[in-house]
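Look at the two complexes coming up: chain A is in both, with chain B in one and chain C in the other.
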Partner chain A sequence: MKNRTLALLLTGAMLAGALAGCGGGAAESKAPAESQAPAESAAPAESSAPAATGSVFKLGGTGPLTGGAAIYGNAAKAGAEIAVEEINAMGGDIQFELKYEDDTHDAEKAVNAYNTLKGWGMQIFLGSVTSTPCVATSQEANADKTFLLTPSASSTDVLGGVANPLTGTVDVPRKDTAFQMCFMDPNQGSASAQYIFDQKLGTKVGVIYKNDDVYSTGIYNSFAAKAEELGLEVVSTTTFTEDTQTDFSVQISDAKDNGADLLFLPMYYQPASLILSQCKSAGYAPKFFGVDGMDGILTLDGFDVTLAEGVMLLTPFNSDATDDATKSFVEKYKAKMGEVPNQFAADNYDCVYAIYNALKAAGATADMSNEELCNALIGQFTTMTFDGLTGEGMTWTADGAVSKSPKGMVIENGAYVGMD
Partner chain B sequence: MKKTLKLSKTSKGNFATYGMVILAYAILQFLGSNAVREGGLLSPTLRGQLVPICAYVVMALSLNLTVGILGELSLGHAGFMSVGAFSGTIAAIALQNTIPAGGPRLLIAMVIGAAFATVAGILIGIPVLRLNGDYLAIVTLAFGEIIKSLITNLYVGKDANGLHFSFITNNMRLGEGGQMLLNGPMGINGINKISTFTAGFVLILIALFVIFNLVNSRSGRAIMALRDNRIAAESVGIPVTKYKMMAFVTSAALAGSAGALFALGQNSLISTKFDFNTSILVLVFVVLGGLGRMWGSIIAAAALTILPEALRQFSDYRMLVYAIVLILVMLATNNPTLKGFFAKLFRKPEEVETGKGGEGK
Partner chain C sequence: MSFLNHLINGMGLGSVYAIIALGYTMVYGIAKMLNFAHGDIIMVGAYVCFFATSTYGLPPLVGVLLAMLVCTVLGVVIERLAYKPLRQAPSLAVLITAIGMSYFLQNAAQLLWTPNPKIFPQFFATTNPDGTQQTAIPLFDGALNLKYTTIVNVAACVIIMLALTWFTGKTKMGKAMRACSENKAAAQLMGIDVNATISLTFAIGSALAAIAGVLYLSSYQTLVPTTGSMPGIKAFTAAVFGGIGSIPGAFLGGILLGVIEILAGAYISTQLANAIVFAVLIVTLLVRPAGLLGKPVAEKV
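Here is the complex of A and B:
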């Protein structure tokens, strides 16, 4: 009994410690321009606060800040933070206050996070970072008539109104307020098939995809449809799931036995890195072709970059680009997060600037209601042209999809090099 | 004389549980109504969580029947929830044009969800409940995983000719006006939310009614006898498998209807949502609330669903604080000093004496 009381007291002390430890964070995060990790953002937030004589728009977003997919959520959040800090430092009429909530890559939690943002008074929504949660939050945002521009949720169901490539039916009606900054899954899949076919990168293609994942399956479906149309020979198609993404020996030997000379890997980079290393130990060296989820593989902790030598991928963002905007962004991101930014960060950086440009062009003020802002932004997005880190001359259609050209990249000596 | 007194104490406890649920519903309805303030006093987060809370409460109640009353460990309860959720939602979407009204459609969806989960419960129960020991735990664990994989690979579509199914690869060609209902790993998207807090409240009352009446019946006493001493129960002629099935299948059916309620309150649904973690989460509700104690399950399920959202202000430390609170509650509810304190508060003086004696110093 004594031990129990002692344990109770100790746990109580831990709780008190944890509460006190982050109590400061909670208080500081109320600073007007920023609601993020207090240490880094406090200074720019304060410096930009006086300039907030103009309108302060409340910008919200959800992403997996903890859990298995946290690497994407935190990258996207940091990208948006950099853009917000820059815009607030400029001190124009339009100022942003940014708040990110954790959705742990789960649709139910994402809706809770969205509702929390709604309670906070969010006016413009940066969507969710990953597809599964964003399908749910985009429906909520559409019902509330809140404008949504997601950096990286590429599923067609985020936008709705897109025909299923396999059955030709439209299963989810168009969500009018939802727009995407990234390529849509089917575009990536069919673009990849077209690219492989046009450049004659391989004659026999093997595919490994994650069949319990919205993103991976979405790309695979459209890849398969396009490959069939083009007459691209797919000799091996194997799958894996969340629970089996550590051992790929079966999938690799299937591709090897069927003589695939190009392996198409529509997945995020963690499983892809394992496939690369397991292919090497199996003595199998096909060409590898990835999609935008492969971006970031070079910055993965403990990953031997020589394994990725010769890997091809379609991505909108190249952190080695030499233009000033990219250079400055990469520098700021490195200072903030201590690593090279991936496409998620760049996409979200572009999202904030695209919204900024649209608000400016529409002459919007922060006292407008969500619906008025949404209508103004939809009007701007469907007519404007935007130049950002992830593409020049981007345009949006009323479908919500972005039109920008994917860049074919190949990894040489541990860096991306343009293929064309 | 003593017996009748004891019985009335049980019913008193049961009525107190009903009363607690009704009171909570009334308070939440009042706070959420426009009578207090325009838009109500509830935050949007809590308002959005009311239906999931009801679903989790029913899940916890149904699992408590298996774990607390029957004394068998089930580690795949989310599997039954999943069966109920997907079958119920598919039914609700397929009937959208036939029955446009939300209420009756939700009722049909919950009944269908419960029916499918019952079938699943019977299929699992027949072989496994004949065994002794921890086999049910292992088999239900496997069941949860199997259900997850099956639904991930299942495609259901609808057109003028009726429902179409395909498995593993989607090779259906739908006619004019066709619609994919369940799209494999993409799950079901664009669900019209028809679940309401009131429907969830009614489902909780139904679940309580079913469980209390089962427990207080002749069958319930047989089930508890099996839990307490299987050999003794068998020796007086209680058919083991029959009573185990009765409790387990009832539990599965309630979980199925909770699944349908949950799914129709979400706007997208994927099968990986109902994984091992969800099963364990529900088990945590039951253990935290107390085995066999229904009101404890209700409070634990509601509190542990709200808690992670209420802790959002701690941002990065959220899950750490959540874990510490969980440990704290577990310790506090088992602390003899605190228990004695609460016992003194709530019991009559003479009962405190016996209560103290029972604890053994």
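Here is the complex of A and C:
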């Protein structure tokens, strides 16, 4: 009796976890149970699948579908689902089957999720949504010679082969199969420093960053290096970690006491929202400058948007843009998720289309092995130009980084406005 | 002046730890078990209060009472379903069950309320004549900022501590609790209903968790399903630091932990703040294994 109660509870807990992991995506539930065959034999066996007029490519990805970073994972997943639905509806030669696994923003779980996808027969990998897990999964994908295009894991360690701007050494060798849709962290950091310097937004800069997160430290390192090069005065640098991201009074008073008139916040919007409200309580009103992780702050449930008034950030995607592609995407996303898409959704939407274009141009078929597909895609990616929601005329180099220009945005009356 | 500012901030943070630690220490002192789900009951209380006030527009006080009610029921139900059947089991089994319960609550919250963060309403704010909200009292021309939440937290903490001390020391129920804590079998022989007493402990502990949840979220407003886990662990540390089982110890431990954390960050390094906090804890436990106020058995509840 005692054991049974306990067993029931544990089963309940596991069930809750599993349900939370599913998130009710339409594309995901399509994954057939019998598809455990390796990638090479998967395509012929599936020629009887109903939607498939051409060959069906298996796209996989991992992201935090539950946990503190779940907003990114679910947004990216939905973005990819919309793109896959559109492509499949066109009924061309290239069809996709999409499967997302939950990694809860944890490197170890991400590798497990990657192995699940591998067992499912994944041919092309959309990487992991957030940086820490993607550093781990990109290692695996590279070893397996599987092509990887991550929407939003911006750390240099995802690609590898990039020198640390502070020490000048390459800590992680280049992973040849890994590519990014988002800006790489150093580009964000140095672009932010350049932007602040060029626009004369501040003379004394304070920085608060999260030092147990590769995303935040990556941006900080390149920001600090660039700021020094430009002669931008950084008067206060303080840090926090996952465990201490509630109270920022020390960091704020350090910046305030050192007279910082601009506060650079290379972090995700959750801690940033706390910093904004605590700065206000402390009677400190500098200019705030964020990075792409700041995106999402306006849609926080119950957030006082007046706190974010005047916050500046560099982001590639503006959901208020008036071009047809953006409008149609925003509409579909709203219908699906009931909210305005953030850049993570747009980045992943672009990822699927970039892969689609590259497969089409290369004349790839689903019976090719992962390695053949990977070589074909790398060949296309390093030569093609791609127009998407997050930028026009994007190109990639063999080092995996994307070239597109960040847009400076400022929050005015609770909405993003272009700064130039 | 900046030292004073840091000290006040530290007390504000510490008082939150202290309120949570009071619930931990209360349950440990009487049921002799570490209720790791305590932090997650805080989260549930905060969600209830959030929905009551933001979605249904109820006044804050009603929200708090509703949160206390829901948490009390939840605490008693958890105790009855998960912990009571294990009363005779080894303490390790109970500990693992408590951790399982903690994950269960987190995942259930994620399923019910989605993982998207919610911003808790600002209860302790005054509106200036120009329409802006004020959340702190500026002293000495703004050199010192005394947040309303700090005042409320410290006051609530002292009141709860005194009330709990009085309750366990003077009332009949409190005496029954202390008797259970000393020796369950002997207490039963004396005609005390041990199960009812432990249920009552959980009810009080969970109601305290609801108050702690509301106060914690008023200070640090981001609410996600994992909100309770980190303060829960910090509060547990505070309870051990002050001497687990001791009510004034939890208060002292919480305040000291907050002050040390802030001062270490301010004067040594923000990178090392947590390392210093835990180094102090280790040294304290080496010198006083029972915690700061944990030594005299008579002080245990």
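By definition in this document, the second predicted complex is superposed on the first by the 370 of 420 C-alpha atoms of A that agree within 3 Å, B and C clash if a C-alpha of one lies under 4 Å from a C-alpha of the other, contacts with A are read in each partner's own complex, and residues count from 1 in each chain.
To be clear about the criterion, a contact is a pair of C-beta atoms (placed from the backbone, for glycine too) under 8 Å apart; a residue touches a chain by one contact, two chains touch by 3 or more.
Quick caveat: nothing in here was measured; it's all calculated off a predicted structure.
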Message: So in the superposed three-chain picture, is A:G218 touching just chain B, just chain C, both, or none of them (first/second/both/neither)?
response: first
- request: Could you look at A:A70 and tell me whether it touches chain B, chain C, both or neither (first, second, both, neither)?
  value: second
Message: Contact-wise, after the overlay, does A:S281 reach chain B, chain C, both or neither (first, second, both, neither)?
response: second
Message: With both complexes superposed on chain A, which partner does A:T167 reach: first (chain B), second (chain C), both or neither?
response: first
Message: According to the stated criteria, A:G302 is in contact with first (chain B), second (chain C), both, or neither; which is it?
response: second
Field: Per-residue touch tally on chain A - higher for chain B or for chain C
entry: B
Message: I'd like to know which partner A:T241 touches here: chain B for first, chain C for second, both or neither.
response: both
- prompt: Thinking of the overlay built on chain A, is A:A415 touched by chain B (first), by chain C (second), by both, or by neither?
  reply: neither
Message: Quick check on the superposed pair: does A:D106 touch chain B, chain C, both, or neither? Answer first, second, both or neither.
response: first
Message: Once chain A of both complexes is superposed, is A:A335 in touch with chain B (first), chain C (second), both, or neither?
response: neither
Message: Does any part of chain A touch chain B in one structure and chain C in the other, and if so which residues?
response: 1, 5, 12, 19, 66, 211, 241-243
Field: Touch list for chain A against partner chain C, complex
entry: 1-2, 5-6, 9-10, 12-13, 16-17, 19-20, 66-68, 70-71, 74, 211, 238-244, 246-247, 249-251, 253-254, 257, 270, 273-274, 277, 280-283, 300-304
Query: Contact residues on chain B for chain A in the complex?
result: 43-45, 47-49, 52, 145, 148-149, 152-153, 157, 170, 172-174, 178-180, 183-187, 189-190, 266-273, 308-309, 312-321, 324-325, 327-328, 331-332, 334-337
Task: Please name which positions on chain A make contact with chain B in the complex.
output: 1, 4-5, 7-8, 11-12, 14-15, 18-19, 21-22, 25-26, 29, 37, 65-66, 101-102, 106-109, 111-113, 115-116, 118-119, 132, 135-136, 139-140, 155, 157, 160, 164, 166-173, 211-214, 217-218, 221, 241-243
- line: In their shared complex, chain A is touched by residues of chain C numbered 2, 5-6, 9, 12-13, 50, 54, 81-82, 85-86, 89, 97, 100-101, 103-104, 107-108, 110-111, 114-122, 135-136, 138, 142, 145, 147, 220-222, 224, 226, 230-231, 261-262, 265-266, 270-271, 273-274
